[in-house]
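One structure, as structure tokens, below. Some questions next.
Letters A, B and C mark the chains as written, and numbering starts fresh at 1 in each.
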Amino acid sequence: MNLLLTLAFALLLMQPQSQDGDVPKGYQGTFAITNARIETVTNGVIENGTLVIRGDRIEAVGADVTIPPGAEVIDAAGMTVYPGLIDSGTQLGLAEIGAVHETNDFREVGDLNPELEALSAVNPNSVLIPVTRVSGVTTVVTEPSGGLFPGVAALINLVGYTPEQMHAGGVRMMTLEFPASGRRGFFDRRSDEDLKKAAEKALKKLNDVWDRAVLYARIDSAYHAAPDPDHKPEYIPEMHALLPVVRGEMPLMIKVQREKDIRAALDWVQERGLTNVVFSGVAEGWRVADKIAEAGIPCLVGPVLSTPTRAYDRYDKAYANAGLMRQAGVTVALRSGESENVRNLPFNAGFAAAYGMGREEALRAVTIAPAEIFGIADDYGSLEPGKKANLFIADGDPFETATHIRQVFIDGFKIPMTNRQIELYREFLHRDEGRLTPVKVVPPSN
Amino acid sequence: MKKQAFLALTFALAFTLTAAAQPKVGDVLIKNGAVLTVTHGTLENTDILVRDGKIARIGQGLRAPDGVEVVDATGMYVMPGIIDAHSHIALSAVNEATNPVTAEVTMEDVTNPYHIGIYRALAGGVTTSHTMHGSANVIGGQNETIKHRWGFTNPDDLRFEGAPRTIKFALGENPTRVHGKRGASGGKAKVPATRMGVEAVLREAFADGQRYMEAWDRYEAEKKRNSRAVPPPYDLRLETIADILRGDVLVHCHSYRADEILMLMRVLKDFGVDKVTFQHANEAFKVAPELAAFGAYASVFSDWWSYKFEVYYSTAYNAAILTRNGVVTSVNSDSGELDRHLYHEAAKSQRYGGLTDDEALALITINPALQLGIADRVGSIEVGKDADLAVFDGHPLSVYAVPQMTFVDGVRYFDRQRDPDDVRLFVDPEASLDDGAMISNDEHLHELEAVGDWLFHLK
Amino acid sequence: MFLPATRPAPAALLVVIAAALALTPLRAHAQTDDLPTVTRTYALEHARIVQAPGRVIERGTVVLRNGLITAVGADVAIPFDAERIAADSMVVYAGFIDGLSHAGIPKPKEDPNRKRPDDPGNPPDDYAGIQPQRDARAMLEPGDKSVKELRKAGFGAAHTVPHGRMLPGSGAVVLLSGDDPGAMVLRGDASLFAQFEAAPGVYPATPMGMMAKMRRLYREAERRRMIERMYEENPTGLERPPHDAVHEAFFPVLEGRKPVFFFVESALEAYRALRLQKDLGFPLALGGLEQSFDLIDALKDARAPLFFTLGLPKAPKKKAEAKKDSVEAEMAAQYDPSIRTATYRDLEAERRNLEARQRMSREKYLKNAAMLHEAGLRFGFSTMDVKPADVHKNLRLMIEHGLPEDAALAALTTDAADLLGLSAMLGSVDEGKIANLVVTTKPYFDKDAKIKYVFVDGVKYEYEVKEKKKAKAGGEAANPVGVWSYVISTPMGAFDGTLTLEGAPDDLRGTLTSSRNPGATELRNLTFDGNELSFTFEIPDGPGTLTFTVVITGDEMEGSVNVPGMGEAPVTGTRESGPDRL
């Protein structure tokens, strides 16, 4: 089996590319994926079906679908089609090389930056993007971080030449780093007292900001109800950016990890009667799962592949967290928290599945669940006619490492199944092939 | 007042007095598992008999001698205990980042048997870790090879007896950043600030080591003739470098770029050192033929890249290219998170380049064993080898496989069904209970060694 | 044994000391006033004299003269010039010995303007904390508050070491008295003090760096000593060996004349010190050792003098919310490794398990000294990083957790003296020894024993003994009579029942029942003193006599029950009925 896979994959890599100097490039069109096992996620599994893509949409899905004339037919016998995977928390497009600050755009100076837009800084040409999408991850939340209000996160499809082309479903979420009461790690040597003070101070700041935003919104509404050009209210960019959040029009994505902080965030949300809220991270969510479920706040959970938060936690708690929350009735989507290795989202889902979540729920947590949370389930998250053509063909379970993703479609684009990592592989597997002069292996001493 | 109640009280107060002595080697019969020997293929429905911590017999229908516990592994997979060739768990400190050469320090002095990471690694089937000095210095400290004997508190009890000495070298961005770009700990910048400087530091250190060795050899010879011979100054740093030159210490070199990998091979060749493992070696794939010709080993990440500039031109196909070019390659963790699922890391390396199951498993078993010089003891399931074994409920290269039991020298140190949640060996008697909670908000703390000096001073 | 080879013959030494003392003017004053001291001869009469553990004179006299104990016995002549002290009902012990501290050495201030070295890989030795050539004797300040505090806690002598980092200098044994630094010194150059205290940001900055540095220093010192010897024998034709104070400071260690005295806090630090000793072979002494419960076997192998810390972990503070549901919580407050924190529903069980584990951990510290003793290890004590005012309380905790009183006393006196190589001068109340004594109002290890006098080097220090606070004067004394419910919390769970007290506050009788058993047990030795109630009761075939001590506030009681050899368990109670119930 393994050998077969290897062979199949090698063949895939050896598919003739275009002319010399050409770069493989995605394209839209009419495609018919035939003889496929289709895991729709929302409407069960079609064992031997056809899926038709036209433009950016899925036109038809079913066992009995007519192949449109002129369609590019992809025979997917022995393969399965899945909806594109959605990663609910990354820095893709905002981060290129970790330690090279000049290539990173996710952290602005200061604590209060709600007016910043992640979408504006997404680099469509990031080398990280092709490396990611060949894994079947088609869509990601890319988020700013740090401080209190680091900016507005955006959902992007991993195809396109401009941020606008990439923006998925118009999803934008105001990011709030909820004040953390705990130590940031073993290197954090602040005293208990200092920690407490710092947390109180940060929470007070958050409340002050919020109260002002509420006041700003009230004045803004009053002004627009009866404009008085002589008394035009101050324009404050930070407050202005918070308007849709205060009014419940834009989701507030609260990043929160510790049990204590989650409880505080729940109180904070409830005190203000906020309804358009999601939690992100939620490492200790299982400890408060009943309360989160009761509050009806959906959670973007992860990374799953992380260490337990407490020394006395059972060793597998981070793997089990998402499943435990799901079992308690929390709406859960998964996030890798990654940038260059968002390609590991399927394995985060696989570990969550293996440690209690179950494969089906894990698959939902990277497809339809985030689509529902982001309010774009009409367009994303499953294989249904009329939805966006974000999908991929795999020769097995996409959470298994042995499975190869054969073809990815994003926004209807047939994605070239290559990237720099694959190109390097092809160049260097047999590096000196084609060389006529003798190979000098160990370089001489200088 | 009934005496029974108070006897219970008495007992309760007494029972915390001493922990029972742990055995260091065990006997066990693991029945009917699928045995992934790594070196001799997969043996279905096979038993492994362990006596005194060694694999005594492998076969079908083995009977347990009197008093030997039987573990039923029907439907399970048994693989050699996983070996992590690059780890920083179980250490009280990582980097003596004050000087470009600190060959004299050794991690065996700072082994920390209380570190919870040991148990967590066991829970991922890892039985041996190569606990390394950090990468702040061109020649860092000597490393330690430990077995995960969780529960022993004497650092000596964790040592992999008989494992060869190894030493950490580091090339590229880390040493040049720590010493050259601004100077360690706020001192003045000094060589190396460039990869050229790294080579110069190496050559000078080796040359000094050579002269030191010669001086002592001369003294030892002269002492026989002249009772008033004066010994040369004693220098543990140069003494250690001399030991490298003598071939007594294996070099494990943190490296990324192809050029620096070639550079070190040149230097080692000039000084007659022939045992080297390139650690991380993200660009090793570019010089795979040279590595193979030198006989150098590579110990790589499955897929880490782009966390710094020197790993931008990486590929997850590294392990496959190296393997196909005949370089003995391992996949390591360098992380207390990754080391809990090295089997999954190996599976990813298999994914990227189509290695066979045995090739993939070799990346975390026999190959790291070769690199650490312990392949005669561990790394495969063979009669006579140490009974370091990991039992999984599915094939370990499947994402759904969950490690069930881990044995070191035949002693079961991890059992998913039996172990308590809280396995800490030390509980702070004073800390508030909340202090157990510790979350890193920084999801991008990749590569322990890359993230700044403060991180190195772990307690 | 600390320094068996070089210990001077006792008699000869005594002569030297006596001679020295005879020439010394009446320099010291009692701490309470500045009036002149009339005589340096004292007679403590009618006292119970504990000469050494197990060696007791029930009613006798101790005579001190010129800084020495000149007579001890049931019937000794009292010199004419003696100040007679009626020590009826008091107990006399040898002055306590502190095996490792900074007594009399003030902590130097860090120089804020100290320049960081340009090359952190090669810092000057003093910056790196490598100063073994420094000498505690040169740093002594008799007026330092540490001297007063230790003395008040009963200590007459201390092995004191310089402040610093890795190698701060050599230690000295000093007497905690007087105002002349030189006269304090009983033995100089007594140890090479070492600790795992790295200098910030310079080599060696880590434990492994310090270990390597020690090895290098030691081996190089060996080489230099060898060369120096050769040169001393015959310099002709040899290069002159360079003088080097740091390496030379190791010479006495190499010659076995003084030990490397390591202060080790954690088990890991202790292992590291033992490892260095194994590698290099120097004579080793260890102080601190607060986690020695984890390294008993290694300590047995090491055969090094041990000076165990007198510090203990504080009892964890209870959270306010935890108190509310304490009865239910404590009922199940035993550690159960089979309890899994599977979901959010299990957090309460998790908290109880964590608290139970923490209590178990603290118990280990409290039993530590007992474990050392049971393992046959002889040890003294150290007050390094310990508040002297906590010493008595902590010793009692150690005793409650199984350390025999005699062993505790030996560690304070005879064993400490022996391990420091000072038994000829210190450690027991015997003729000819230095006049270091502790005089207590009750046997020292009793809960309310107070130190009345400390004699150091023949100088008397008198302490005011405060009477225990009675109930508010004029206010109504509490009356404990009534029926109480109680809960005893133990690592195995809570035990509850009823306590019935009858009679009057000064004439109490009562019974105790357990909810697990209907039978009632008679209470004995009932006392009620202001607001403190105590009594004992027997568990037949059980651990023996249990002592119950609680403080009553209104209708609440809180305290502990002591189980012999096992320790104390907290107890709380509430009055359910009774004449004084509020």
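Convention: a contact is a pair of C-beta atoms (placed from the backbone, for glycine too) under 8 Å apart; a residue touches a chain by one contact, two chains touch by 3 or more.
Treat the numbers as computed from the prediction; the structure is a model and nothing was measured.
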Looking only at which chains touch which, which shape fits best: line, ring, star, complete or other?
complete
Nearest to the mean of all protein Cα atoms is the Cα centre of chain B
Give, as an integer number of Å, the spacing between the C-alpha centres of chain C and chain A.
59
Between chain A and chain B, centroid-to-centroid distance (C-alpha), Å:
33
Separation of chain B from chain C, taking each centre as the mean of its C-alpha atoms, in whole Å:
42
For chain C, what residues touch not just one other chain but two or more?
340-341, 354, 357
Would you mind listing the residues of chain A that make contact with two or more other chains?
312-314
Could you check chain B for residues that touch two or more other chains and list them?
421-422, 424, 432, 436, 457
Would you mind writing out the residues of chain C in touch with chain B in their complex?
116-122, 200-209, 211-212, 215-216, 219-220, 222-223, 226-227, 230, 234, 237-239, 267-268, 271-272, 275, 291, 294-295, 297-298, 313-314, 316-317, 334, 337-341, 350-351, 353-355, 357-358, 360-365, 367, 371, 488, 490-493, 495, 497, 512-514, 516-517, 519-521, 537, 539-543, 546, 563, 566-567, 569
Looking at the complex, which residues from chain B come into contact with chain A?
116, 119-120, 123, 173, 262, 265-266, 269-270, 285-286, 288-290, 292-294, 303-309, 312-317, 320-321, 324-325, 336-337, 340-341, 344, 347-348, 350-354, 356-357, 397-402, 421-424, 432, 434-444, 446, 450, 454-455, 457-459
In the complex with chain C, residue positions of chain B that touch it
1-18, 92-93, 95-100, 102, 104-107, 109-110, 112, 114, 133, 141, 153-156, 183-188, 190, 228, 230-231, 233-237, 420-422, 424, 426-433, 436, 456-457
So in the complex, which bits of chain A are touching chain C?
286-291, 312-314, 324, 327-328
Can you list the residues on chain A that touch chain B in the complex?
2-3, 5-6, 9-10, 91, 95-100, 127-128, 180, 182-187, 192, 257-260, 283-284, 303, 305-316, 337-341, 343-344, 347, 350-351, 353-355, 359, 399-402, 404, 420-422, 424-425, 428-432, 439, 441-446
